[in-house]
Amino acid sequence: MALAQRLSRVRQHSLELVSPLEPEDLCLQGMADASPPKWHLGHTTWFFETFVLVPAQNAGLISGYQPAPHSWGYLFNSYYDAVGERIARGDRGLLSRPPIASVLAWRQRVDGSLQQLLEGGQADAPWLSLLELGLQHEQQHQELLLMDLLDGFSRNPLEPVYGDGPEQRFAGAWQQQHPGGEPQWLDHGGGLVEIGHPPGDHGFHFDNEAPRHRVWLEPFALADRLVSNGDFAAFIADGGYQRPELWMSEGWAVVSQRGWQAPRYWRDDDAYTLAGRRRRDPAAPVRHLSWFEADAYARWAGCRLPSEAEWELLAPALPQAFGVLWQWTASPYRPYPGFAPAPGAVGEYNGKFMSSQMVLRGSCHLTPPGHDRLTYRNFFGPADRWMASGLRLARDAGRP
Amino acid sequence: MALAQRLSRVRQHSLELVSPLEPEDLCLQGMADASPPKWHLGHTTWFFETFVLVPAQNAGLISGYQPAPHSWGYLFNSYYDAVGERIARGDRGLLSRPPIASVLAWRQRVDGSLQQLLEGGQADAPWLSLLELGLQHEQQHQELLLMDLLDGFSRNPLEPVYGDGPEQRFAGAWQQQHPGGEPQWLDHGGGLVEIGHPPGDHGFHFDNEAPRHRVWLEPFALADRLVSNGDFAAFIADGGYQRPELWMSEGWAVVSQRGWQAPRYWRDDDAYTLAGRRRRDPAAPVRHLSWFEADAYARWAGCRLPSEAEWELLAPALPQAFGVLWQWTASPYRPYPGFAPAPGAVGEYNGKFMSSQMVLRGSCHLTPPGHDRLTYRNFFGPADRWMASGLRLARDAGRP
Amino acid sequence: MALAQRLSRVRQHSLELVSPLEPEDLCLQGMADASPPKWHLGHTTWFFETFVLVPAQNAGLISGYQPAPHSWGYLFNSYYDAVGERIARGDRGLLSRPPIASVLAWRQRVDGSLQQLLEGGQADAPWLSLLELGLQHEQQHQELLLMDLLDGFSRNPLEPVYGDGPEQRFAGAWQQQHPGGEPQWLDHGGGLVEIGHPPGDHGFHFDNEAPRHRVWLEPFALADRLVSNGDFAAFIADGGYQRPELWMSEGWAVVSQRGWQAPRYWRDDDAYTLAGRRRRDPAAPVRHLSWFEADAYARWAGCRLPSEAEWELLAPALPQAFGVLWQWTASPYRPYPGFAPAPGAVGEYNGKFMSSQMVLRGSCHLTPPGHDRLTYRNFFGPADRWMASGLRLARDAGRP
Amino acid sequence: MALAQRLSRVRQHSLELVSPLEPEDLCLQGMADASPPKWHLGHTTWFFETFVLVPAQNAGLISGYQPAPHSWGYLFNSYYDAVGERIARGDRGLLSRPPIASVLAWRQRVDGSLQQLLEGGQADAPWLSLLELGLQHEQQHQELLLMDLLDGFSRNPLEPVYGDGPEQRFAGAWQQQHPGGEPQWLDHGGGLVEIGHPPGDHGFHFDNEAPRHRVWLEPFALADRLVSNGDFAAFIADGGYQRPELWMSEGWAVVSQRGWQAPRYWRDDDAYTLAGRRRRDPAAPVRHLSWFEADAYARWAGCRLPSEAEWELLAPALPQAFGVLWQWTASPYRPYPGFAPAPGAVGEYNGKFMSSQMVLRGSCHLTPPGHDRLTYRNFFGPADRWMASGLRLARDAGRP
């Protein structure tokens, strides 16, 4: 699909995501880690303005673009230190102004100028890749918007309903890829392997997926489906949340302080979802787990989590690798050997988060179509569990 | 004015207050002490439903009232332990649902049933006084709504504008009552005096204004106007915020921790108001002061704050006693001798807050017309300053 | 007793208090509100050095006094802003140095120079009263030292034993003054009364006890003994800690957050004391209560706490007024009409604490002999309960 | 050296370490992460009692050992969930009791029974390896004791002096191994290498050093000396602590919140050490850096930190690898492929800490002689800097 057309569709998709919302939902921020829907709409727009339109206008590639008021940069910058100060993350919910109408009008102006840039035909490779980055960035925020909304809604005793779409996609995705039942193990003989974005592949990738590099692996096996609600219920029934020997020390402290007894959105025999409260299906993959819970479960099961290299090697052959749930790995989020962040302020996109976080691989049912990729490295802190995370077991080969 | 008519007007006034708002403003909560506009609309309605309509229907005085869903009690209860659990105060901003339309529909149903109760003619004195209490309660929240909104808006770098009304009322009120210039002192000879709501007065009063009781006062004098911006600027210029000897120890800790350098909404030579940023008028009364600041200023000025008895005695002769700013007193908020809280759950209205707070007297420009009263006891914590507070100096008599 | 002799005895008494301690106890600080024993020894010495010896030497009244190293001022200043910066209160336990031997040597040098000052005969009234203030100050810290030690020891699962003395004094004091059994009520007719330090009395008093002033009181009655462990157990058995309607809102929040279920040192049927764990005597006065608990108990009992004026008027006729437990009053700690703090830095002694605290009256079994006084105003925050506090009931007269 | 003799010497060394202390120092705890000296003495003794003596007596290998009072298990357990509850880490400083004499007597009893166990000759391999583990454990705590003491002392404005020994060892170690001056680079060609404890080596190792396993490395080079104070001063002079682009996002937040401007103990041109305040030698290795600072420095220098595999491969040829400072690596602390924790409660020793920490390699001047090892994996959180940490630069090969 041509870039102009994709741009138009991706931008349009953000608007569709907020269409079921009440106006008051637009500023809903359940916690500092999450952002309100209106902020996502504004921030993705700011990204295009800051990294594409203003430089392009300065370079004479477009004209007539009227940037947002200077103060909006303070409101909608997420974490780019090179670009300037910004509102505290936990205060984004306080931005009842600018009103949604102003943000939408801004989106339109930005879209118009982006099309102008594309149509001008003078935007060569560096511009096109910034534009592509903005588009990928907006897709990431589409997923964030929904998971942040779920967090915010979950704090409302009324258990608001967003809509059925995400749950339908979830059920369709996991069922279609694996019927349930006992998991089978896929073996890999290990050895000297390569992971990371292939240099010859000119499709988009984030800087943190490169460079492709060699890794030595011992023989291993991965389960051919994700751990299910039923599996996880057995862990709970076996005292999983009461047995410190199953947990990282740091994780056990979190369990104790926050009183965790189950995955994030479990409520009695139900789970809270974007479709409201729904009965849990034992065969469905368990979701909204922290890394600590995934790690403890794997230990309880006599297995372990896969490393990201193991996952990447077998994923093409694995059901439920994409479109269901992000899958925690055993790998801390660190740079690949030879990693160099993208030049300029967008170098802050990924590189500065490479401490105290763990990698998740795959994609989930909230991920916009076409946004997933074998080498994609998602990352969250080990105690986070508001995103659509699940887990797949791994083990050393040669085990019965 | 008949109760039915007043009820109608007061309820209508709440709606007028939110009419200039954007939908996103309805859930704006700047801090745990403040509440979002929609919550104020819901809570005042809950108060009528809980304390008037449901009991009245149980007593057979009205029929056909359909209460809000049970869960709304959890959402809109403020602090009535006798009535049940409730959402944490700081989480009120998370209630993007129920949407405003549902809250407004609820208001209408409640209004209808309240009129039915009044028209039935069977509502005798206890019912009427609960209804009156609900009405006074709603008026209190009308003032709270505006001061909470100012707090929330003040955290937005865009400095949103609510409207000109409140500032016009402020300017009108203080100028009309006192032209500015050097304050004069009104003397009182002290002696055995009486304060509190007069038993013979059948107008409304809160339980905490009674019983009327005797107090011994030494001769004293009160200033005939409030301390002005210009006065307070002199305090600042004289190092007021840098001199611990002027402050209560607890206040000095607050000053140091929060980095206070001026009253809450001062910004350069302006102040942030509901009308947006406005140049400060040196002659206008200084506002948005904590008790600690008022107390420190008085000490710096060689004076002191008035006791609430002193204030009540001279207020009828004092300009700027009502309609401008609440005035901090030297009196901790404690029960009058012989105080008995109102029976039932509404006894929680005032009585349980009688620790670690200070009394303010008078009323302010945000107070709804007709809601002020000579014996009215307002109260806030000594570090609070988001409300429309000011101060008036007192001194012992016999001073030059 | 001559001042020189009293000085010698008071200073010696501090040393006796620490003689049963292990060296490691000298730096024990259980919480920020409490101080380690060695710090008390140093701080009281610093007080004499700073407010008496150095000024006296500057004035030529003594010579040869070698002040402690300059840095010690930072270590041993408690809260005198006028005198300079100081170590954070909660960090006093970190002062393993200077070692106790150095502190004791300093005490000796200070004692020597104080005697030199007294013997010189040139120390006129202002000097003598500063010296007297230092002595009274040291006596206050003798009591603090023991209550702070109890707090610190109470956090050690070994339940360390300090010694039997304080418990023997406690038992002796309450039993000797009242045999137990049902309390009787002492009536007072109220009227225009006077409280505060009598101007004609040249004995020592703190600035906050003056000026003597008139107060109007309605008729009232006070119980002739303190509330007992048995009385308080009935409150607990009646759900006292589970019924929010009995509590100030602020107190209920404290109860909930800290999980209070009983007075501070109750453990099963015992109480932890400086003599270790001891069986609770139902007839003994209940102790280590916060103001919130005292206030809730009084409400539960259908009574109230006495105002400080009420207490002061009847105390001369009341058993258990002195030497048993400090008694919470209903009075916030605020200045008397006409109050003026002592001149100079010692003006910070009392005046700057007159917010958000409540007055206690009387004295306790830890109070050094001769340190109690009818007009003495002690004060603590309403949630504090590590000091030897108890309560006495009051009620309006005319009740059955 | 025979085990009995080593045991005797190691246990004796702990006592020598505390011999320069004042009694009050024995309970000094500067922060929750650090422990007081007396606690270290008790905890190491508890380790022998719990994991060796009590089981050995139960197994009939020794007799007559009288365990410490049951409550001491609560006091001196560090983090072994399998063994039971324990005092909160930050409260260890509150343990003024048991007094040091009791702890020392306990140590003697334990030492006697350990020798009895050894002399009995029935203690076969599993017992001997638990005994060896206890001995290695005590050596770890000898180093911790000194670094914790430095933290505690550093909070005292008097800048206490422990003694000259550690500084002399530091200076001797770094000077002897490298004269200073520009660092040279040692190259390694990479390839498929092995790291971890060699199976054929029967010397002691912790479980986390095994199993030995293969790793693929690209060609790299390591500097032949540690980064010096002078090097680091250049980083500071170049705005190192003001430039967010040099830092991990998480590290930048720490820098901002804590106001870091230099390594932990730098004070003006000096550094605070166990020998008191000392002038910083520009040629000496910089120490007391967090991982965030080490990582930022490396980025500023155009280099990176070594992985632990890189370090382990070249360490035998590297000056300043051992005995100077622990060296931060780029490697998160995670299990080696095939890792299995030691069986029983001692399995909690290392395995449960494998999240959100970074590996340090080598040893330092505080490490007891004979306790260092090529495969030793030390680990701390990325913001920790109270231990004797430094850094060595790495870079990809082929660079000029």
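Order of writing sets the labels: A, B, C and D. Residues in every chain begin at 1.
Operating definition for what follows: a contact is a pair of C-beta atoms (placed from the backbone, for glycine too) under 8 Å apart; a residue touches a chain by one contact, two chains touch by 3 or more.
What you see is a predicted model, and the numbers here were worked out from it, not measured in a lab.
Visitor: What are the chains that chain A and chain C both touch?
Guide: Of all the chains present, those in contact with both chain A and chain C are B, D.
Visitor: Report the inter-chain centroid distance for chain B and chain C in whole angstrom, where each centroid is the mean of the CA atoms.
Guide: Measuring from centre to centre gives 37 Å for this pair.
Visitor: Which integer distance in Å separates the CA centroid of chain C from that of chain D?
Guide: Centre separation, chain C to chain D: 46 Å.
Visitor: Could you grab the centroid distance between chain B and chain D? Build each centroid from C-alpha atoms only and quote it in angstrom.
Guide: Taking the mean C-alpha position of each chain, the two centres sit 59 Å apart.
Visitor: Take each protein chain as a node, join two nodes whenever their chains touch, and name the resulting shape: line, ring, star, complete or other.
Guide: ring
Visitor: Per the touch rule above, enumerate the chain pairs that touch, sorted by label.
Guide: A-B, A-D, B-C, C-D
Visitor: Which residues of chain B touch chain C once you look at their complex with the stated criterion?
Guide: Residue list for chain B touching chain C: 79, 81-82, 192, 213-216, 218, 244-245, 247-252, 291-292, 295, 330-332, 334, 337-338, 347-348, 352-356, 382, 396.
Visitor: Using the touch definition up top, name the residues of chain B that touch chain A in the complex.
Guide: Spelled out, the residues of chain B in touch with chain A are 22-28, 30, 38, 69, 71, 74-75, 87, 91, 93-100, 152-153, 155-158, 160.
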